[in-house]
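The following pair of complexes shares a single chain, subunit A, combined with subunit B in the former and subunit C in the latter.
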Partner chain A sequence: MASSTRVTFPNKFLPYLLLAPQLAITIVFFYWPASQAIRQSVLREDPFGLSTQFVGLGNFKRILSDPNYLNSLQVTVVFSIATAVIAMGFALMFAVMADKVIRGKGIYRTLMIWPYAVAPAIAGMLWLFLFNPSMGTFAYMIRSAGYNWDPLLNSGQAMLLVVAAAAWKQISYNFLFFVAGLQSIPKSLIEAAAIDGAGETKRFWTIVFPLLAPTTFFLLVVNTVYAFFDTFGIIHAVTGGGPGKATETLVYKVYNDGFVNLILGDSAAQSVILMVIVIGLTAIQFRYVERKVHYG
Partner chain B sequence: MTFRGTSLSLAFGLILASSTSSFALTEISWWHAMTGANNEVVETLSKEFNESQSEYKVVPVFKGTYPETLNAGIAAFRAKQAPHIMQVFDAGTGVMMGAEGAIKPVADILSMGGAKFDKSLYLPGIVAYYSKPDGTMLSFPYNSSSPILYYNKDIFKKAGLDENNPPKTWPEVWEAAKKIKTSGAAKCGYTSTWLTWIHTENFAAWNNLSYGTNENGIAGTDVELKINAPLFVKHFQELADLAKDGTFRYGGRTSEAKPLFLSGECGIFTESSGGLGDVVKSGMNYGTGQLPYDPDAKGAPQNTTPGGASLWVFGGKTDAEYKGVAAFFTFLSRTDIQARLHQVSGYLPVTLAAYEETKKSGFYDKNPAREIPIKQMMGKAPTENSKGVRLPNLPQVRDIENEEFENMLSGKQTAQQALDNAVKRGNAAIKQANGQ
Partner chain C sequence: MIQNNPISRIVAHIVLIIGILIVAFPIYYAFIASTQSLQDIMRPPLSLLPGGHFWENYTTALFGGIGRIGGVGVGRLLINTTIMALAIAVGKIIISILSAYAIVFFRFPGRMIFFWLIFITLMLPVEVRILPTYKVMVDLGLIDTYTGLTVPLMASATATLLFRQFFMTIPGELVEAARVDGAGPWRFFKDILLPLSKTNIAALFVILFIYGWTQYLWPLLMTNRNDMTTIVIGLRKMISFADADTEWHLVMVTCILAILPPVLVVVLMQRWFVRGLVETEK
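Now for the complex of A and B:
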């Protein structure tokens, strides 16, 4: 990396040409929609676009003083932390266990990765079929056991259900990275510690876990972004944001206000805020958390 | 939004390019939200119309759920690629009416087809809902339904209730539901789909109570909700009390409660008359009755209001295309088509002639459930409280009501608090939608 011989191109246009596909994709799929969102966020418009009015920061003012928005911010924080912690915790546990298996290692790993191939909306439907109080198999069993399982009205249970579905889907992805991370830890280090008399738990916390820090950090970023954005399908399929507004995350509210309630200005303003939040979050994570990460 | 619009317009452009070059036929695109058996009806109707003449070709396109279809249509309009005909659900009616520059009134189109448009041929309760305050019919009623009561006769027998005498009023429903629960005939007494449409909008109309000012929005978009009046509060408090021990089970915001009834978990059920097909299919021993009313309400039962969807026509098309749309709507209004549509699908007939013909054929003697919603809607001339509810943002107001109902049913607030909140939040949302 630090070598002084930089590759240079004799032709001035070639590098731009080589970058063009990537730039085109970024412009078409990020900058263009993002700029449209910003434009829309300062306008007030009827759904059909027949009358447009410039309102400046009016949409932002209204959103930020709306208690429902603050509620969905809180919901998002709870949901994201719970999802990331559960998805990463279980994945790490499974990875460590799978790492110990000697026979049939490949089969275990393959099976563990499968859920990742399931689309979020499908994952949501699967969990809904199992736990929906009207028709779910498990829901029926839980209710028969005398427990009042009703995520349609009980907000805690609803949150539990969407977190479980979202985390379940993400465990595979995390598992994959943790397995790769574990493989890169030299066995000699662990053996040396074992010879020195360190027990299994001690070896894990003093050697394996710190050496996994880069992987963990990377997954923390990925999982947070996942919980913020990619879980829309799950929430849409399982709770639709209910009961009340108990599982209405920021992304779900953007959808609801824009596509169900047809208030385009508010919806656009919310997506702009969301964009700022995620940019900020990623910046903070890289700036402060990364410093503490041990890269071996 | 933008993406949707562009990809739609691209796709649409391709379709146009590939079709216009091949035939001199005028194509009429029809975006709809019908699935399953109802989708087959759409396909059959289009096919029959296309075969009945050689000038126009109706091309039906399935666009997803009702809200998805509405969004697709709006996006297409913004990209200047709107379809000719779009099916819009009842709650979206106010949204479409607010877009006067985007649509063309069906009354105008029908007269463009040469045929004189006679409003009196159509069922008044349905036509009134899809007309402007001055009486101009804006959209063509395609599938209309109204809520009715269903009950499980086997559960009634087990609970010692009269299986041939369904409860007629809400207190009777509560009593029967309690008896079902306490006798152990079923785990739950009563459940319902659509608390907003059935227990709020139709509760108001059926009991001749005001849902909101300005004739519930029919006479103008400036509406203040009135759903925290004492009879609403009493009704919802009774529901909330019954929910505590599971005598009433909440199933979800739209039709999710249906399996609770079909699986025999609940004995009594209120749902759209359009849901009859699934009940019949389940093979259960069911009975039907009129939607219950509140005996404390003066003049109840009044009349129920239509749900379902209507067909809207977008503006900015050529005269030839509008003539095609007119021909298609005239075809749909034909008595034989309407009578068949009504008997096969369970929707209400749109014309009086179709109703009379079905009656004459003896269909209702064998299928009494099919006549209940028609009688409910035609029994009395609608009052200012019972022409239906039309708000510029009814889907949003329904969402607000649902949220408050859920917080009430889970015991977080009383019915009075729930309805007060719904009125406060709903009024603010309506003001915003009106651009105030």
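Now for the complex of A and C:
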């Protein structure tokens, strides 16, 4: 990197002044609370908040053997995989089709990116409005067809609804990246395969799809992070973690234990576990970015 | 150039139209519902064409005040959300362009430490440290204030990293030339760096505006008063499934009003936004 030979300004004091606002905010609102979360996670408060004692890894041990926590872990994994697979599958299909058409490309793209601007919670409410058992039109149609549809009582259906809303919102984002990825594939490769007699389907699976792998992998990480954290609004607005605990994701549980049930130590320990998960995901993402810089 | 056969192109159009239907239908349907009377909404199936209550519903929601959120009008919520989204977008851009400028164009003790201090925050979204952050906000007396809603979300590494990456591509000769001509750091920043960063700033503005507008957990925690909250949270408070007195026609008006501004920003600034998004995140 040319950074060692960079031409710079000789000021001594100015750079600190320039950095000050970001550092101040970062320390007050990031480092201080994060360190408090770690401190809190090894303490246990009695129910009245009168005394605290050091319990070491006790909070972690209890959480990790708590069936509710394990349930929420499982819910999160199922929810994330389903959301990522559905959102990416549809987006890839639409992107491939958009790559094929010649007329109307711009219009399709413009119409396709709308949900990016919709807040996850609102996406959830829109879908709930369509499928809500008392007055949703789709719910009405499903019921008229003889199915017993009630996402507010049936846990499988509740999960289906939040996954649909979460995936719907994420299609636009994935679509844009897949379109960009498809455009960067050299046309000559595809032509060569066509001359060798490979049909459209075969060309897709043997050339296009493997060459899209970096995009797909990047999106997989982004979608997982999205499903873990950004979908809090959907869960909170649509199901509130229910019915039972069928849609209680990890982030929702941290919120619920901390703010509703007021179990501070547990909530903090869960926060710390989440931090570890995010750091892991970010590390994976950066390894990928690094590879791309070197070989891409 | 391979000629796709016409049939496969027609199939492509059909699939895309189905895609658009999936993507647009929930929004379209909310719009339809927002023009109907409550009675019509409660009797499914709902018509696929707009009803006759457009003005009535929209003016009631915007100016009339909604019972469930303490009589606050949606207009007020829109103002709050706009302030929040704009402040976060502008504040974040200013803060991160300054710190990226310091890190790239100056050499000073502790430079790398500061860089890493900022970089690590990339890994700590609000969601993983909610409770302690909330406590800090309470201690600082920032609940129910615009400062509390916006400032804590202004510092994040993404924008700083983006500007840093862009600044690194600026040739050293440019800096040298500016220095030879007697331009100080401020002149260089204002007359050379800012104009060069225009596209990046525009792209980032769109992304951050959407980010600010769609926040959920943060305004949920930071506001107790209904007149200080955002439209998304207000919307959540208007819905109740337990009892039947949710005013769905007004809920749907609010949905549309909450969706419209960010969609307009994205669609109108599409060119910068798409480039910015695909480039920023890679």
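The criterion applied here is as follows: the second predicted complex is superposed on the first by the 235 of 296 C-alpha atoms of A that agree within 3 Å, B and C clash if a C-alpha of one lies under 4 Å from a C-alpha of the other, contacts with A are read in each partner's own complex, and residues count from 1 in each chain.
Convention: a residue touches a chain if its C-beta (ideal position, glycine included) is under 8 Å from a C-beta of that chain, and two chains touch if they have at least 3 such contacts.
All values reported here derive from a predicted model rather than from experimental measurement.
Undergrad: Please work out whether A:L152 is in contact with subunit B alone, subunit C alone, both, or neither, and reply first, second, both or neither.
TA: both
Undergrad: Counting only touches as set out at the top, which of subunit B and subunit C does A:R44 meet: first, second, both, neither?
TA: Only subunit B is touched by A:R44; subunit C is not.
Undergrad: Report for A:K245: first if it touches subunit B alone, second if subunit C alone, otherwise both or neither.
TA: first
Undergrad: Just checking: does A:P33 make contact with subunit B only, subunit C only, both, or neither of them? Give me first, second, both or neither.
TA: In the superposition, A:P33 contacts both subunit B and subunit C.
Undergrad: Looking at the overlay, what does A:A98 touch: subunit B (first), subunit C (second), both, or neither?
TA: It touches subunit C, and subunit B stays clear.
Undergrad: After lining up the shared chain so the two structures overlap, which partner does A:A121 touch, if you call subunit B first and subunit C second: first, second, both or neither?
TA: Second partner only.
Undergrad: One more residue to check, A:I25. First (subunit B), second (subunit C), both or neither?
TA: In the superposition, A:I25 touches subunit C alone.
Undergrad: Mind telling me which of the two, subunit B or subunit C, contacts the most residues of subunit A?
TA: Residues of subunit A touched, subunit B against subunit C: more for C.
Undergrad: For A:E191, decide between first (touching subunit B), second (touching subunit C), both and neither.
TA: Touch partner of A:E191: subunit C, not subunit B.
Undergrad: For A:F259, using the defined touch cut-off, is the partner it touches subunit B, subunit C, both, or neither? Pick first, second, both or neither.
TA: A:F259 sits against subunit B and subunit C alike.
Undergrad: Considering each complex separately, which residues of subunit A are in contact with subunit B in the first and with subunit C in the second?
TA: The answer is residues 32-33, 36, 40, 132, 134-135, 152, 258-259, 264 of subunit A.
Undergrad: Can you check the complex and tell me which residues of subunit A touch subunit C?
TA: Counting only subunit A, the residues touching subunit C are 1-3, 5-9, 11-12, 14-16, 18-19, 21-23, 25-26, 28-34, 36-37, 40, 90, 93-94, 97-98, 100-102, 104, 108-123, 125-127, 129-130, 132, 134-137, 139-141, 152, 168, 171-173, 176-177, 180, 187, 190-191, 194, 200, 218, 222, 229, 232-233, 236-237, 251, 254-255, 258-259, 264, 267-268, 271, 274-275, 278-279, 282, 289, 292.
Undergrad: Residues of subunit B touching subunit A in their complex?
TA: Going by the criterion above, the answer is residues 1-3, 67, 71, 74, 77-78, 95, 98-99, 101-102, 243, 250-253, 256-257, 259-260, 263, 265, 393, 395-396, 399, 402-404, 406-407, 409-410, 412, 429, 432-433, 435.
Undergrad: Touching subunit A in the complex: which residues of subunit C?
TA: 1-2, 4, 8-9, 11-13, 15-16, 19-20, 22-24, 26-27, 29-30, 33, 41-46, 94-96, 98-99, 101-108, 111, 114, 117-118, 121-125, 127-136, 151-152, 154-155, 160, 168, 172-173, 175-176, 179, 184-185, 188, 210, 213-217, 220-221, 232, 235-236, 239, 241, 244, 248, 251-252, 255, 258-259, 262-263, 265-267, 270, 274, 277-278, 281-282
Undergrad: In the complex of these two chains, what residues of subunit A are touching subunit B?
TA: 32-33, 36, 40, 44, 46-50, 132, 134-135, 150, 152-155, 240, 242-245, 256, 258-264
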